[in-house]
Structure formats: structure tokens, C-alpha cells
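Sharing a structure with you now.
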Amino acid sequence: MTSSDLFGALFVPDAMREATSDRAWIGAMLEFEAGLAAAEAQADVIPQAAAAAIASACEVGRFDAQALGRAARVAGNPAAPLVRALTEAVEGDAARFVHRGATSQDVMDTASMLVARRALALIAAELDAVAAACARLADEYRDTPTVARTLLQQALPTTFGLKAAGWLVAVLDAQRRLAAVPLAVGLGGAAGTLASVGGAGLRVLALLAERLDLEEPAVPWHTARARVAELGAALALAAGTLEKVAHDVTLLAQTEVAEVAEPAGDGRGGSSTLPHKRNPVRSVLAMACARRVRGEASILLGAMAQEHERGAGAWHAEWQALGGALAYTGGSAAAVREVLDGLEVRPERMRENLELTGGLVLAESVSVALGERIGRSEAHAIVEAASRRAVEAGRPFRDELLDDEAVSSLMSRDELDRALDLHRYAGEAAALVDRALERYRERV
Amino acid sequence: MTSSDLFGALFVPDAMREATSDRAWIGAMLEFEAGLAAAEAQADVIPQAAAAAIASACEVGRFDAQALGRAARVAGNPAAPLVRALTEAVEGDAARFVHRGATSQDVMDTASMLVARRALALIAAELDAVAAACARLADEYRDTPTVARTLLQQALPTTFGLKAAGWLVAVLDAQRRLAAVPLAVGLGGAAGTLASVGGAGLRVLALLAERLDLEEPAVPWHTARARVAELGAALALAAGTLEKVAHDVTLLAQTEVAEVAEPAGDGRGGSSTLPHKRNPVRSVLAMACARRVRGEASILLGAMAQEHERGAGAWHAEWQALGGALAYTGGSAAAVREVLDGLEVRPERMRENLELTGGLVLAESVSVALGERIGRSEAHAIVEAASRRAVEAGRPFRDELLDDEAVSSLMSRDELDRALDLHRYAGEAAALVDRALERYRERV
Amino acid sequence: MTSSDLFGALFVPDAMREATSDRAWIGAMLEFEAGLAAAEAQADVIPQAAAAAIASACEVGRFDAQALGRAARVAGNPAAPLVRALTEAVEGDAARFVHRGATSQDVMDTASMLVARRALALIAAELDAVAAACARLADEYRDTPTVARTLLQQALPTTFGLKAAGWLVAVLDAQRRLAAVPLAVGLGGAAGTLASVGGAGLRVLALLAERLDLEEPAVPWHTARARVAELGAALALAAGTLEKVAHDVTLLAQTEVAEVAEPAGDGRGGSSTLPHKRNPVRSVLAMACARRVRGEASILLGAMAQEHERGAGAWHAEWQALGGALAYTGGSAAAVREVLDGLEVRPERMRENLELTGGLVLAESVSVALGERIGRSEAHAIVEAASRRAVEAGRPFRDELLDDEAVSSLMSRDELDRALDLHRYAGEAAALVDRALERYRERV
Amino acid sequence: MTSSDLFGALFVPDAMREATSDRAWIGAMLEFEAGLAAAEAQADVIPQAAAAAIASACEVGRFDAQALGRAARVAGNPAAPLVRALTEAVEGDAARFVHRGATSQDVMDTASMLVARRALALIAAELDAVAAACARLADEYRDTPTVARTLLQQALPTTFGLKAAGWLVAVLDAQRRLAAVPLAVGLGGAAGTLASVGGAGLRVLALLAERLDLEEPAVPWHTARARVAELGAALALAAGTLEKVAHDVTLLAQTEVAEVAEPAGDGRGGSSTLPHKRNPVRSVLAMACARRVRGEASILLGAMAQEHERGAGAWHAEWQALGGALAYTGGSAAAVREVLDGLEVRPERMRENLELTGGLVLAESVSVALGERIGRSEAHAIVEAASRRAVEAGRPFRDELLDDEAVSSLMSRDELDRALDLHRYAGEAAALVDRALERYRERV
């Protein structure tokens, strides 16, 4: 009953919540039990008929999450009461073949991986859409001048396309990392020796992995938890990547900057008391989600030193941390997707902002041009002085430069104007956008 | 729908889950709105009748958490749709006085504090019971010799009472810290200036604080988030204190140590596949809870740098983090209380373990006695050599010492036996237990 | 040899680095040893002459940090080799009274507290200066209108004084929290029973606490680590408070906002390639420091469940974490102090920004005024529509309102102008500033 | 001057400290500058002679870390003063080609990757040695029975070889993950557009990547920080893997368990006050290191949302976090390598511990054998009852079973003894060891 719908529905789309719900966990546990029975039947460890009977009892609807949770306080995990309930639900003699040779941790670990797989598929779909939106923006605004900002100060020109290209490459990397985390079946029996499966342990392990389409581990991983922690880390990296995009959007959407705005509609972003605002609500939700993901990932990364053959507490802390990391990465991805689909981009405002400093954002360009003649340091000093005078006098930078003897002795007015041309000073931005788009196209 | 009952019921007792549930949050938000209306009526900002009408509409049952959560995606927080729904629920003209002068953050922040207060009361009750159990154990086993272990190695004698006294003092400190965190009302209006309350802002602030029995802040704390982070830290400190107790219990309950066992009953601690085990399940749950609390606290401590007059994301990440930190500290406290109430303590086994090294745990005692004669370093060297010989030869330490010329030339057999007397070497253990119990009694 | 000067000198002022240096730690350990000997002499446990001889050997300059560090790999902590080296350094018979009855953890724990106390004094001085600067700003700009921003969007008017007052109260709270953390002496002997001090353990404990001016704990706290973790939490809360100020400064200093600028001079904030920039360098350093403090605090909060009577690893992780948390909180405080001392504040730019939306930041004011006549919801709808039309048409908000029949039928032009008066809509800002300043004055 | 040698030398071997030292960072920055000049000369952006002059000035010995660190407070990073000092150090006209087209972040980011590469090579060598030691242990003790413990309770038999095999596979995975993190050159110029390199930006980027043997990124990654965070995560996963091994060793080395002991020698593990102890010091250091690595990794994972084209604070927090994560992962690996090389393994003690429960660790084996006849649940109930009677009466489990009518009616005495045979109940342990060793051999 800890708060789940009120905040859950705020941050996480329904499909993702469903994929990490009580129902999803119970379903995954049942999938393990049915799969185990089928594998054992195939390996002649239990009768085919028993496997069939077990499979037919594995219906999520039969089991009550709250009751299982309360009963779980006895054994310390929900697998134990589920197995008991399942055993009761199986008809006749087959009941004695339920959970044969497995231990509670096998159920939970395999279920974790199955829950993860489904949630990761939803995340991947959202990330695909985010990448597509980034690619569209990079392509459409490939040559749109905007200002690059370092330490939140206007620095010099870039293009909005290159901004989007940077997001794009980062999202592609996040996807690659998530896809690379191996999801393995968990089966070892109480001691990790597969002793209780009888002599067919290794065969059952292989068959079960194949059935559930999960990796077969070299050895049971009851207390080798990098598998779970690695997933947490990859989710945190994905969420952090999305947070960067959302953060940029909130900064670009500031009233004083106003270069982009989140798509409006459905009253979105309206404030209850400030009717004129257009809040970057989805970006804000995405950033909040990323913070939750990191909290969960820190639990997973801190839970690796599990004792002997089964962890005492660290293992138990993984379930919700993994579920939360999945759900909120999904929440973050969905929010960023909504932000970018239909993002209002305002090239004219970018242009205005570029002109805000009266040409000072091209100081580097002048400095470089001068530097070719007299060296970087000296050129830097001259331009810095001119910049300062321009700022202090509130005069256009160009005028200040034209009046500077050092400058005028070294550069013609034409050369100066070339150095002050915005478009000429976007460097390789267009080519870099193309590289990012090429990487995107190769992927899909 | 993210998993909540399955794992929630496993880790957190029902009362604590209820106190941090969707219903509790909605109730607390309504309490803010009713309280605000009453305060404003008292300050003549709105009519008395309006306040009464608003109060009577503030029934938790009217509002659907899931619907509010989904609607919250528009504004970015659940207060906005709740205020809308409440306004619709209020009869007649009074509707226009709902939420007068307040902003969404006022609702959420005050609700956070109200939710916290109720959950903290439950936690305090559990901690009281934990402290009482520690005090009982400290008192009952005040003089029971057991071995002190450093780096998990037997070191030298102490008493079980002193162990429990150490837990006790730590729990008292945790309670003190939790009780010291100020819980303040949140009211500032959209800009934190109370402008929209009209001229009566400060008076309404004071009246609302009084009504809700929360502290009145000097200035609105919309982006001064130490209040929330401090609560998270105090909860993490409490959970860490409980984790220490639970950790000690799991270590003392190890099959090879067996000095304590968690209370049995209701099949508790039984393993699904290993019928003979007596798992320290509640301790394990308590430790898992502590890990979650730390994850949540890290979110809160990382959420302090909120932008300008309202945070963009960091604030939004606080709600669940605070709720989770409260719920799981409660879960941890309840589990430790169950562990200590009825903890099986086995003095005879402690005695056996003390004898496991054939007297070596008294090496320091001999070393000190010798050191009084020849200095710490030399005594240490002699005793270390004798210890090594005893270990290598598998001989009792006493025999080895008696055969050592250096020792026999400096100490009589009686003196040696005094140095090897367990009871004599518990130092100030009993007096320290008394100090702890005195501190406990002073508190209650 | 891990990087310390290059980055250390960048982030942390020399005095603070010195207070948490190897030399400071060794000095604090020696202070423990000298203090212990003196206390034991006073309690007649060792001869007065021995205490004097020990005290005179306790010179920091004698001991080599690197050599101690390497030797420490044998015992696992630097106290062991230091005690050995100190024993060698003490002349004659007194050597055998060195470290009498203490264990390595006593040395390290007490040294931690002594290091903390000195570093906290430096932090307190910096925080005093930060508070003073905040108070000056709050006072000077008490009535200076500026815009309040929520989710980084302009919301409605406030004053710069109230911003500074918010920082001020938060800094005062951070100071209070740091001052409240009790710093206690650590003395328990190997088992925490004080056995090896002979019968005078409790008396020595009290005398040592008095001598070192540290709190006397009720029981030894070898594995009750909340003392250290609490310090870490209080430091993280202080650093987060400073980070908030620094974050606001970077946002207000953005080229497009430009309401404040960090003090210039010494080429500070100059970019190597962008001569015109005025980077908020000190704010950036302060924020980086806060991130490090949180990393260290997370180590301390995660290190509480230490085993039995001495932690195996968690304890060992505390030393650097505590030292780092102290040093970087100090770095953060110093940087923010430098930012605020001489902060350029630009009221005229604030005014310009306030006018950026053509009066829309006063939409709430109009909404409230209208709401008094027709209710909050309806007023909100009317104003929201007018706002939207103003934005779409690029027209001043006032004109749009004057043309609105609903508005003009309910409010006179004068009433409207009053509602659109910036100064009238700062609410209780001035009074809130006064409350903050009163709180500040009461403190000093 | 923050403490570095005292604790640095305790936790981190000299070579690893050197690889992450001030000197290593300065050297890596110079390597960037020399490499950049060489690449630009090759691309005809600057004269060959200038590149040669720059290269010859790039001597680490010329530069003072402390002075650079202090000077760095002006620009906010150490690259700026280093470039200035280097420019001064370059003879003649070549000085004006120093750092051509690059920005401070290019220097720092590339230097981070170069520092990482060297440190990772040292870590890899330590992990190789750890893996080799695990493989030796797995092989040597392939069939040595020991007890598997779950929740720290004896559960049922396994082999020590399988324990070591589990460590081995985890270490191989950690190595794979570290090796898979791409290390890329950083070069983008102030805006990430390569504008200031003139038209040859992309060519210089490719040539520099080739020269430094780093990956060429698709686009500059000034604010795409997953590269750094991913490294932090991979280090945390490696450190957590090592912590698991170290944790198991401390648990197995407990006085009451005593199945392994860390190698002695050089007085290692001796306690200053407890001469008989054999502390698992290296394991303890390894675990402390892992905690630091996690603290640093949390900083890196939390630093991804960097603003626009350069982060304001989050970037600055990366340098020490990365350096620390590398150094302490190295410290952890070195400590575990020392633990495993020469680990004392005591098969006879394992056997004694296996017999501690009078056969109860084979309860599952009996349960399975019975279950084949009457089903899992019923068999479990019978065996559980017999276990309980055995525990209560302090009688051997076998006797209790023989007296049980249900058991004796279903199993012969021979069948029972087979079920109670330790060696028969290690399941697939030996085969699993072989799988792990095969994986190891395939790797090397």
C-alpha cells in the first residue's frame, strides 16, 4: 500500500508500470515454474503429464499479490509462498513435481530476468523513438546557427543540428549498452550444485535456458550479482543520457532563452496559478525519473558482496531496486520521447540570442584569425582587451575591433568581417551531424 | 501498478504502508486545503462558510489516486489535479475560495510533512519497542561472558549485556535524531512571497502552522530543501543503526557460532528445501530495508540544489524518496523489534565459543599483566610467541605459558590464572551496561 | 601519490587542506596518545614522568606519512605502525606506557574527531562569512524587484532580497546542524570493555574526554558508527545548501539572464579560448565540491553496519570519506564566500527581465484580483485566455486585458493598473527578509 | 595536502598510485598537447618544426602540480594554467601553435582517458593474477566437500572448488566488462564544432585518435558523459566482484569457521593488542577499497546531465572521481590477489563443519529421495519433523530418521545411507568447476 498509483501514474506510463507490476513478477515466477517442469519432463526427470498439469496451473489470476507478500515474511521471499500455492493448485499426483530441484532464489532470479526482458523491450521502443526524433532534429536543423554555451555562458556559434546529433549518438550508445547486458537463467538448487535435480541438472539447466530464451550461465550465479548490478548500471547510464536531453530542453526553454518549447496541448505545462507559463513538464518528469533510477542503481551496485551461497539482505534488496530502475528508465524515456516529438524549435530566437553579445561570441574566431599572424597568446590578449572594452562601453564588438590599432594593422576590414561571420564559424558542425546520422542509419 | 503489494507486504508492516499510501498522501493534501481554508477564514481572508464547505468536501474517499496520478502528468504534480477535483467537489460559491493564495508546492510540501509526522510516530513506537528489548537484554545478560570479535576474529572477552547496551545507546541516539528534525508547514504562494494571499499572508502562515501543529518557517522553503534531506538523513541513520543490530544477529546466529537465534514460530525462517534451517529472516528483511532507505536518502541528499524558486525535477523526485525512506525505516524497525522480542540467547554456547581458542582470547590479559612488569612491547612479543606455539602445537595456551621461562620468571601460577580468568577480564562491561541503562531510564 | 595537489589545490583552500592532511591526522593521533598518557597519569595508572616523556615524543615532524601508510598494510590501519614508531621514539622506561590500554581503533576514532573539530572550525568561519554576505545582500536588495522563476520559467515578481534571505536562512540551518553533531572521544580497548586499562577505565575515559574537550560517550562506539555517519550527513546538508546558492548564481549569471556576475579580478573566470566570457568559476567549483561531499557521505552512511566489536572494511573506509567530506565542504564554503563577497548585482537587468513578458508575470495578480469577484477558477480561465492571446499576438498583456470584455466589465482601468504594478505584487517579501535578518542577528 | 600518502599507501599499491598521481595527470595532458601538435603538423595545420618544439617542451618534470592546482582556481580547471606554462616553455615562434584549436576540456577529457588506460592495464594485470589464483583453487579443490551456506546458515554440501569457480567466472566477467569500455579521444574545440582548428578539424581528430591509440568519436563528447560514467560503473562492478571474494574469505576465516586463512608472514594480520589473532587484513582492505570505488562511481553516474556544451560543476567533479575509482579498484584487486596467492585452505576443517549438524545438511538429500516416492511436500514435512526432533533431542539426524516409521517404511537403511553420503550430494559441482575452468582457459 506504499504509494504507487498516485506517483506511479505520474512518472511511469501504464505499459511500463504493468511490465514491472506485481502481476508481472508473479507471471514471471510462474513462467519459471512451468518452464522448469517442461525442461525436466524433456530431460525425463519428471513425467510429461506432470509438466502439463503444472503448466496449466500457472495462471497469474489465481494468485493474490498481497497475500503472497504477507506470507513471504515467513521465508523472506515471495517464491516460497508462491510455490506452496502453486503446489496446492496443481491437480493430483503432479503436485509433487512442482519446483523440483529448484530453490527460491532460482525462481526470483529467473523471474527478475524475465521481468527485465519485457521492460527492456518497452524501454528499447521508447529509445528508438527518442533516437528517431533526435535524428529528425539533427537533420532538419543541420545548418541552423545557435549559440554554444559553456558553464552556462554564451561561448561561440554551433548549430542546433549538432546539439541534436550529440543527443542522438548518446542515445544510440545507451541502447547498445542496454542490449549488451546478458540476461541469464537462474538455476542452481539450494547450494548452487544442482544436486536436487538428480543427475540431470546440467541438461535441465540448458533446456530451461533454451525454453525461456535466456543465456545459460557457466555456473549458478546465486551470489555472483554483477548480472543484476550491470543491468542497474546500464539503466542508470540510459537514464542519465535522457536526463541530459531533458536538462538541455529545460535550459533552452527558459523564458529568457526561449529557443525551444515543449509541445503544448491538453493544457500541458499550464500552471495552476500562473496561466501564462509554458512549463517544461515532461522534461522535468524525465529528470525526476533519472534521479530515482540512480537511487535504485546505487542499491544494486552496493549489493554485490553477497554472503557464501545466498545473500542475507543484499539479495532481498535487489527486487524492488531492479523493478524501479526499469520502470523509471522507461518513464524517463517516454517523457523525453514526448518532449522531442513535436518540440517547438525557434531558429529566429537562436539568431537573436547569438546577437545578444554584439558579436562577442565570435571573439574566438577573431582570435584565431589574428593568432595565425601573431600567435595564440598575443592574439588572445588583444581580443580579450577589445572584448572588455566593448562590454564596458556597451559598444558593438566589431566597432571596438575596427578602432583597435593592433587589429587594424594586422587584418583588413574584409578579413575581420569574415572572422565575424556566424555561418563561417560553425566549424565542422554539419559534417559532424552527418557522421551522427550515418551512425543512426547504420543501426536501423 | 509498479510492484507494491508483493514486495511491500513482505518488507513493510501494514500500518506503515498505510501511513505512506496514496490514501495517506491524498488525505494529507486535503488536510492542507482544509487547514488553509480554516486559517484564511480565521484571518478574514475568506468567509467562514466557505471554509466549512471546503472542509466538508475534503474526504479522501472521493478521490481516485490513479486518476489523479494520470492527470498529474499535465502539471507535473498531483496537487494540481487534486485542487481541481476538490474545487469541483465543493458546493456553491465556496468553490472559489479553494486553495486560495497557495501554490501546488505548498500542498505537496505540507503534505510531505504531515505524511512524515504520522509515519515517524509509527517508527518511534517501533524504536521504543526495540530500545526496550535492548534494555531487557542488556539487563538480563549484564554479566554473561561472551567473546568480542574484531575483524570477525575472536579477540577477547566481553559480555552479551554490553553488546546489547551498545545497540541500546545507538537506538536512543537514532530516536533523538529523528525527533529533532523540525517539520514545518509549507506556504509561500507561487513565488514564495505570499503575494496571492493578499495582505494577510504572514498571519495565515502562522495560523496554518498552528492548526496543523507544524513549525512556522522564517521564510518559505520552496527551494531550501535541507528540511526534506535532513529527514532522509535521519532516517538513513536510524535504518543503519537497526541494520547494525540485525547484522550482528545474523552473524551470531550462524550455524558455527549459534549464540543467538531469531524467535521461531509460524514456520518462520523455515527454508522451502532445507527443513533443518532456522534462517534469521527478520534480520535479513531489516537489512534489506536499510539498503532501500539509503537509496532513497541518497536521492534526497542529491536533490538540494533546486533552481530559483521551484526545482525542476529534483523536487519531483523527493515525494517517493521520502515516502520510501519512511516506509522502509519502519519496515526495518518492525523487523528488528520482532527479532529482539523473544530472541533466543544461548549463554552456554557463548561460553563454549570463548573456550574455542584454548584461552587465547585472554592473551591480552596476560600481556597486560606481564606488561606491568616489563613494558607493553616486550610483553606483547613474549605472549605473541607463546600464542603462536600454542596454535601450532594445538596445545592449551595456559600450558604453553607455564612452560615459558620468561613468563614463569615474572608471574606466579596464581597470577597467571588470575590473568586467564574470563570473568575478571570483562573490564568495565558491567558498569558500561549500567550507564546505558541509566541513559535509557532517563529517557522514559 | 594518487592525485592530490593538482586537484586538491584547485578545489580546496590551503588551510582546509592542511586541516585534513596526513600531517593533521598524524598530529591528531599523537594528541590522542599524549592525552591518554596524561589522563592515565592523572588516574595513577602510569607514572607522571612516563606521561611527560610520551608527550615530548609526540612531535608530528618525527613521523613519515608515506612510511606509516606502507607499514599500515600489515595491521590494516595507520595507528598500529604509529604506536610502534612512537614507542621507539619514547626515551627509556616510559616507552612501555605508550598506548596503554588502548586499541588502534581508539586512536583512529579519536583522531577522526579531532581532525573533524579543526576542519569544522574552518568551515564554520567560512559559513559565517557566507551568512554575513547573504545578510548584506538581503538587506541591500530588500526591495529590489526581480522575477521569481519556477521550473526555470518566469513566474511572477519577488525581490532579490528575498532570494538572498532564503539562502541566508538555509545557511544558518546548515551551521546549526553542523554545530549540533556531538564529537566524542573514542576509548574502549580491544573489546570495548576498557579491560586493559585496569580498574581505572571509566575514570581515564572521563579524564581523556575532558582533556581533549570531546564528549564522553555512555559506552564505547567502536561499532556504533552513527557518530561518523551523522557528521557526513550534516556535511552533505551543508554542501547541498551551498550548492543551491552556487547553482542560483550560475543560472542568474547566464548570458541571457545576466542579473548577477561573480566578482572579476585576477583574470578569474576568463576562458582560455573565449576572451569575452565571465565564467562563474567559483560557483562551478562549489558545485563540484558538493558532489564530492555527497559521494563521501554516501560511503559514511553505507558504513554503519559494522561487525561485532570492530568493522571489517566499513570502518576502514571511513577515514578518507570523512576527511574528504570535511575538505570539500570547506572548499564549497570558501568558493561560495568568494562568490558572494563582491557579487555584482544588476537591479536594472532584473527590471528588464521582469518586463520581458510584457506584464505576463503579473497574470497571477490580475487573476487574484478578478478571482475576488468571480472565483478562482473562472478568473484563471479568463486570464489564461488573455495570456495566450497576448503571447500569440505578441501584444502587451495589459492591452489584451483592456480589450477583454469580461475583464473590463469587472475591473476599472485603475484597478487593473494596480494589479499590474510590480511593486505592489511582491507580497510579503520585505517582511520575510526582515524575519530572516532577525534570525541572523539573533544568532550573532 | 588533503591526506593522500598515509591512507593512499595503506590501500593502494605504489604502481597504481603512480598511475593516478598528479604526475600521471600532467603527463597525460602533455601527451595530448604533443599529440595534438603532431597531428596538426601532419595535417599541415601547423609547421612540423613547431610540433617538434612543442613535443620537446612536454616534459612532466617542468611542471609543478601544486602551482598548477592553485592557478587552476582562476579558470576552473588545470588545463588552462598548464597550457599557459607550456606555451611559456616552448621556444621561439612555435609557442603560438601550442594547444591550437583545442579547448581545456579536450585536454582534460583526453588526459582522463590516457590515465584510465594505464591504470586499467595495471588493474587488468592484477585481475589476471586473481583469476589465475581462483582457477588454481577451483582445480585443486574441485572435489573437496565443504558446506554451502545460505543466509549464513549451513544449508547443504558443495565443494570448495565450486566456490572458487564462482569467484573465477565473476572475475572473468569483470575483466570482460572493463575491457569493453571504449576509451575515446576528446577533441572538439570550445564549442565542440572543431571550428578553431580551421578546415582540418576532422582530419586532425582522426590523426590524433590514431596517434594516441584512442577511439575516434562520431561527435565530440564534451557533454555526453556516459563514456566516463560507464567506466565508473565497470570499475564499481569489478570492485564489487572482488569485494564478494574478500567478504567470503573474511567469513570463512572467522575463528568459529576457520576454513581458510589469509597467508601470514611479515607479521601481517597481527593485532597490536591481541597477539594470537590472524586478521584477514588484506580482505578487509579490499572491501574498504570497494566502498570507495562505489562512492566515486556514484559521483560519475550522477554527473551525466551536463549543461549545453560544457558542464558547470558536474564535469569538474569527474576528475578525482575517475582517478579514485581507478586507484581503489586497483587497490582492491591487488589486495585480493595477495589474499588468494597462498590462501590457506583447510579441507579437514571444512569436513568438521560439515558434520556439525549431525547430518542435517543432508536433509534435502533425504527429502529428495523420499520425495521421489511420496511427493515433495509430504517428504518435506516428514524430514522437517525429523530434523526438528533431532535438533531438540540433540540426537544424530540419521538415528532420528531410522526411528521414523514413515521413513523406514519407504526407504531401506542402505538407501538412507546413500542419501546421507556427503560426496554423493555435491550434485554437479565438479562438472560446474570444469565449465568454469574451460571458460578460463578459453580466455587465456
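All chains are identified by letter, namely A, B, C and D, in their written order; residue positions are counted from 1 within each chain.
One rule holds in what follows: contacts are C-beta pairs under 8 Å (C-beta built on N, C-alpha and C of every residue); 3 or more make two chains touch, one makes a residue touch a chain.
Worth saying up front: this structure is predicted, and the values here are computed from it rather than measured.
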Which listed pair, A-B, C-D or A-C, duplicates the contacts of B-D in over half of its pairs: A-C
Of A-C and B-C, pair with higher C-beta contact tally: B-C
Separation of chain A from chain C, taking each centre as the mean of its C-alpha atoms, in whole Å: 31
Whole-Å separation of chain centres (CA-atom averages), chain B against chain C: 24
Multi-chain contact sites of chain A, meaning residues that touch two or more partners: 76, 99, 149-152, 155-156, 189-190, 196, 246, 250-251, 270-274, 279-281, 284, 287, 290, 294, 298, 302, 312, 364
Of chain A, residues touching chain D in the complex: 76, 87, 93, 95-101, 148-152, 155-159, 162, 165-166, 169-170, 173-174, 177, 180, 189-198, 201-202, 217-221, 223-226, 229-230, 233-234, 236-237, 240-241, 243-244, 246-248, 251, 287, 290, 294, 297-298, 301-302, 304-312, 364-365, 368, 371, 374-378, 425-429, 431-432, 435-436, 439
Of all residues in chain C, those that touch chain D in their complex: 1-12, 14, 17-18, 20-26, 65-66, 68-70, 72-80, 83-84, 99, 103-104, 189-190, 196, 246, 250, 266-274, 279-288, 290-292, 294-296, 298-299, 302-303, 312-317, 319-321, 323-324, 327
Complex interface listing, chain B residues touching chain D: 149-156, 250-251, 253-257, 270-281, 284, 298, 302, 353, 356-357, 360-361, 363-364, 367, 380, 383-384, 387-388, 390-391, 397
